[in-house]
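Please go over the structures that come below.
Heads up, the next two complexes both have subunit A, just with different partners, subunit B and then subunit C.
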Partner chain A sequence: MMDEGTELSVTIAQIVQKLKGSNLHSQLERQAKECLQRPEIQLEDLKEDVKEFLKKSGWETKLQNAVYRELNVLPPPSHPEAPAEHIKEPLAYLRKAQGSWEKRILKSLNSMCTELSIPLARKRPVNEQKELLNKWNEMGTDEPDLSHFRPVYAPKDFLEVLINLRNPNYDSSDQPSSKSHWGLIQVPLKVKDIPELRESFAELGLNSGQLGIDDTTQVPADVFESEHAGIGRKVLIEQDSAAAEQYIRQGCPNELRAELWALILNATNEPEDILYYEQLKSGVLHHDLLVDNLIYKDVKLTASNDDYYFVFEDYLYQVLLCFSRDTVVLEHFNYNSATPPKSYIQGKLGLEDYAVVYPPNGVIPFHGFSMYVAPLCFLYNEPSKLYTVFREMYVRYFFRLHSISSFSSGIVSLCLQFESLLQTHLPQLFYHLREIGAQPLRIAFKWMVRAFSGYLATDQLLLLWDRVLGYNSLEILAVLAAAVFAFRAQNLMEVTSLAAAEAVLADLSTLKVMPLLQIFLFATIM
Partner chain B sequence: MCDNVLACTVKTPVALQIGDVKTDTARPGVFVIDVAFPQSVNLQEISFKNYYTAFLNVRLQKVDPESPESGAQWVTCLRNHCLMPNPHTEEGSQDYFSIYRQQMLMEPDNVTSVRLILRQPSSVWLNFTLEDIKIAECGTENSEKKCPSWFSNLTPVEQPMNLQAVSI
Partner chain C sequence: MVAANRELLSPTMVHKGPGYGYQKKREGEPRSCIRFKCTLINTIQDVLRQRAGWVEVKDDSEWDFYWCDVGWLRENFDHIYMEEHVRICHFRNHYELTRKNLMVKNLKRYRKLLEREAGRQEAAKCDFFPRTFELPCEYHLFVEEFKRSPGSTWIMKPVARSQGKGIFLFRKLKDIMDWKKDGNRSEDQKDETQVESYVAQRYIENPYLIGGRKFDLRVYVLVTSYVPLKAWLYRDGFARFSLTRFSLSCIDDHYVHLTNVAVQKTAPDYDPEKGCKWQMQQLRRYLSARHGTQRVEELFRNIDGIFIRSLQSVQKVIINDKHCFELYGYDILLDQALKPWLIEVNASPSLTASSQEDYELKCRLLEDTLHIVDMEGRLTGKEKQIGGFDLMWNDGPVSKDDINLDALGSSTLTANTHLGYVNDRKTQLRQLLKSLSGQKKV
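Here is the complex of A and B:
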């Protein structure tokens, strides 16, 4: 590998290239020019004085936040010989599996298109545009005929693909034994065990205060809660993303959460962002896409039926319809193992000049996709702000939950981590469930794919997502899934079928997330 | 830094095993790949794509330019270089690696042959090897260096205007 000095230079150059020409860059230039009028700027030390001014006025922190955002998202610098596909996903057989999965989804979408004789995209006539604009804030009242549409795929279809992943170079001729892996995932990825998890999640330990545990009514507020809230307010005044990320590992007070999440994700709501959202909205008005119907169907099937989220139905349409048309999302495919589907103008199949990405953001929604947005509606009521935060959460975290990759936060690693934790620490339970034909992953998969949205109570879900942001990783979802099984272990040992096991774990809405995680990680006897 | 990839012959990997290669059921855990050069060279970089090799040793056969009568000598220039931190799992298994002159124990000058000794202690893999082995030579002092493309994006240092050259 390159030495550290070279790696750092490459990273710096990549970030400079990314931020050059961005909105922040022009704002900084404008600020630097304007500050020349100020009396404290002297000609002799021009460079130093301008830098000092930018530091004092908070612009340096904004630049730091932008750089930190890129560092969080950039893959590690790769070898100069490594091609782009290797950066997306280093293992060849996983790339192949992702490619076949994408072909299947596309085939399903195309066949739905031909069956229903609906074009992938069409321009709306003017009166339809006017009608939609009038109804923009209440699209939920619309009852279009969606009976012929079906979701392109559901999480259980994706699970079957993951179960069938095999490394062609792996020796699976050994007889199943106590040494072998009992679970469904047969990909030998590196996952953390409990000692390593204790180190990674050190701030969740028994000796640190946590929101979700130390803010209950029995504990006086001045023990932890009020001091933690005071620190939170200070972090918000400083507007420092890195500090906010460290702070939120111990949870976030409800009143500060909206601003803190926006700070950590570096999601701004400047006039330019609002204008961009309005442009996307006019895109929705002008053109009707087939995926819009899939979004309608998904919202009607999932969020509208949920006791907590049905009130936000209209917001979900406003966000997801715009999301489908946002080409900024295409940038994340540089580090996503998936490739956006391309469709060709009629008659020009195979010619790259006539290829266009469909949908424009490259993401085909599946059954349950709208549940990624629903919890955010509790935090943001301005559509453009809600939209920017959701988009940032998607390109940082959620995309990993439905693409095949070897990344430590990818869904394959999460499934393997869940199964490993269960096999190591609850072997009797795992063995029993296997014997009755109830593989634990079949129950836990749907929780992890949705990041527990729709399964936990909303306040608990937001505490969980605080930690996802704080640790910049989704591994905590696998740990929580194992912790839930540990909590209900006694009941599960008594069941005799998959249906009964599902029934025991059907309702998670009464669970308290942080005590479960703390007990599983720090109080389990090993 | 230089990009002079050398022409060399990479021989097929040879398994080192106790017992008969054909009849023994156990898979080999060590392979040796020999790379030969037509004449003696000074190495800059050895780059390759890994395929499930866990550890790498590199030995060089050097000739002494002062006394060409004395035969070539084998020296170890890299010992137990780890490519896969955990040999049973996928990390590093298909990554691209480079070994630079600065990492080697001896100066890789006047080299006639390179021997790559691959080890994979884990029994879960069916095969392991190195692919796309490329060896780069040290360039001369004045050789043209190929700069990465991002160099051109750096802002140029502004030269102060030569006011005296401006005619009024």
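Here is the complex of A and C:
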């Protein structure tokens, strides 16, 4: 086992490697060179003086934020000899399952391609490019014939795969007992119980102020709200990501949210970012991809039918079409158990030299994918800013919701966590639902896969995502799912079918997220 | 939800005031039933039919309450005798506020008055309607203004029609030749019937857009008396979105520029299930997230100002009648500087529901309207909130806080309006009823 010191130096080396050659690096170099003109820089203490200057002018903070960003996404430390695939996913059987799932998806995509005789990618003729450019701001008005396209998969298909996961080394031949797991997920991953969750989510405790609870009209603003907002403004002035992440655990005031999220995600909107977005846009204009149709279909089926997000339809195309072509997204596959699908140039099947990642960003959208973007349209309306924030949210969090891994924020762990919480704290309810053929996960799964987007009212969703960012973890989704069941337990005890249970839980739009979470975590009698 | 209200509103509650007339009964006893008449077949009919103790009457039977249409009112109001307790849902000459040409005339006159009496700054607070001219009678004035702003876009609206009918945009004078006063019409044409009265209004070219789309706000204001002026503002309302992205380049596209649901419904890609509305609460949250609470509070204060000043401008003109109340639908447009503009006031806002959510909103609105009209005689008259309605003006501004107005300068008080805030009507009505029954004389 490595000692802490070696672990740290490996991490530092990794981060330095990552940041070298980045935009920030060149900016720092330029700043350092330019500051040599300044009077306070003396030759005797050149190094110290330059450092001091960079600190005072806010560049050190920017560097800190970049480092912090890398730390946030870095996988847990592992053995230096561990191969790359182990870093993506240490457990072999899960790697295998992810691999087979990917094969299935790709097969489905390819067969759709063959059925409809549409190439996976095709260059657009010039007049078509011009036309698309003209209607770039209103692609929603287009009515392409999407009837032949179907989503490659829906969350419930993915659920079936997860249900069938089995650890070959795990002997589950014991007779089912009260100790055995009642739920659908049958893999032995470690998940937190309520005492551990209370520790992890300490800032949500009953004695701390919360936005989403202590900012209602009955509570005077000076009890918590005004002070918290003041601290938020200070954090923004300091531009410190780590401080922002800590701050947002208690929620974020409406007006500060757009900036604070961008700060936490270290999502900048510099000219380089805008230029990059424009490049992606021209990529969309030049080539038509099969997945574009999947995106159109998904937006039309989900976001356009939503009572609140329908307004943002055009933005969704502008983000998702560019997203599909963004090869920067490929970097996240280093720590994602998934592997980007490969396609081969016509006629060169199997020849690695002719393999391309398809789609270019390696992510095949599924039914409901556009709902990851929709809530962000509430906060950002410049396309490049919206894009950068979404991309960062995806490579930090959302990808975990549709890939098979053992990571604590991965969907498998979230499902298991949800079921364990329910079994431990609402055993009567769980048993009853099982008996009537309404396994709770069958209802809660779609909420978690979408991170509750489209199920909660927008303001509640944003308060929830505040905490996802603040704790850098998706575990709160599992806790909320369990809390919702706890809240509606009485009604659920009276139902006698899966359909009736679904009906009780069909409408979450009136729920207040923070009180539910607080009560479930901190007021549950154990 | 309406069923739940039944228990809250049974008429066996405290009764105040003298006997109600036709159905003779003993002093101090509540009216056994309230006879209502309603010719509209939509939400209001449902709400009236479900109200405890209210009975529908038809044809020529006597009634205590009539939700009539404006046509009936115009023909019959002057000929009927109404007993003291009777209520009807329109004022005799509401059109002073709701017909576009008359509203503009009244507002302009009021503005002049304010300028004389209170100065320019005060008068400027009436600048919430775009430059408007009635055609053909103000044609020449219009042309002067038109020439002063070359390239501007104008919108023509028929004075008396609704639901977006007959509206069009124009940029060239030749498009409105028909409304030219004493125009070069041939002898044959002069025999034709007079051209319909229109108003030409400066089109707001920089509307506030969300998702690239234009929208307007529908807000509900209930007036129970003009002299003294008593007006209530409903917390719920909605933003109506145009189905397509806003662009000035295509002024022929009816669907972009008009956000009236009635017009949108005929657009080729209209999906009735979809709906194109946001609840007011959603809009308020969105704007607060974008612009901060302070700016949004200022915006809503300015919107309050539109209601008050428009009502004040017709206060002396409207024939006040204690039998009358009126529920107005105000259409407000926001521009990019977050300035609100008054587009129109409707005396008969659409009560047909476009979706389940819309139906529920209109039910709440109408139930609370009936609570305020208070045929059951339960209220004390001192209430500042009834259901989702907040008392906005009671012969003077109404403040949120219960402070003696003489003690403080009025500028430091917060107005008692909550447009786009949480509508806590259920809790509020329960508490109100409890307190009213607590005052019941034994």
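The definition used in the following text is that the second predicted complex is superposed on the first by the 526 of 526 C-alpha atoms of A that agree within 3 Å, B and C clash if a C-alpha of one lies under 4 Å from a C-alpha of the other, contacts with A are read in each partner's own complex, and residues count from 1 in each chain.
We take it that a contact is a pair of C-beta atoms (placed from the backbone, for glycine too) under 8 Å apart; a residue touches a chain by one contact, two chains touch by 3 or more.
All values derive from a computational prediction rather than experimental measurement.
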item: Combined model on subunit A: subunit C and subunit B, fit or clash; value: fit
item: Partner chain in contact with A:Phe310 - subunit B first, subunit C second, else both or neither; value: second
item: Which of subunit B and subunit C A:Thr458 touches, first, second, both or neither; value: second
item: Subunit B versus subunit C as contact partner of A:Cys377, first or second or both or neither; value: second
item: Subunit B versus subunit C as contact partner of A:Ala258, first or second or both or neither; value: second
item: Touched partner set for A:Asn137, first subunit B, second subunit C, both or neither; value: second
item: Subunit B versus subunit C as contact partner of A:Asp171, first or second or both or neither; value: first
item: Subunit C, subunit A and subunit B - angle at the middle CA centre, rounded to the nearest 10 degrees; value: 160
item: Touched partner set for A:Leu91, first subunit B, second subunit C, both or neither; value: first
item: Minimal inter-chain CA distance - subunit C and subunit B, angstrom; value: 42
item: Subunit A residues contacted in one complex by subunit B, in the other by subunit C; value: none
item: Complex interface listing, subunit A residues touching subunit C; value: 137-138, 140-141, 143, 217, 254-255, 257-258, 304-305, 307-308, 310-315, 377-379, 458-459
item: Sites on subunit B touched by subunit A in the complex; value: 47, 49, 51-52, 85-86, 88-91, 93-98, 100, 102, 123-128, 132, 134, 148, 150, 153
item: Subunit A partner contacts - residues on subunit C that touch it in the complex; value: 210-213, 241, 244-245, 269, 273-276, 278, 282, 285-286, 288-289, 291-293, 357, 421-422
item: Subunit A residues within the subunit B interface of the complex; value: 1-3, 10, 13-14, 16-17, 20, 78-82, 86, 90-92, 167, 169-171, 187-190, 406
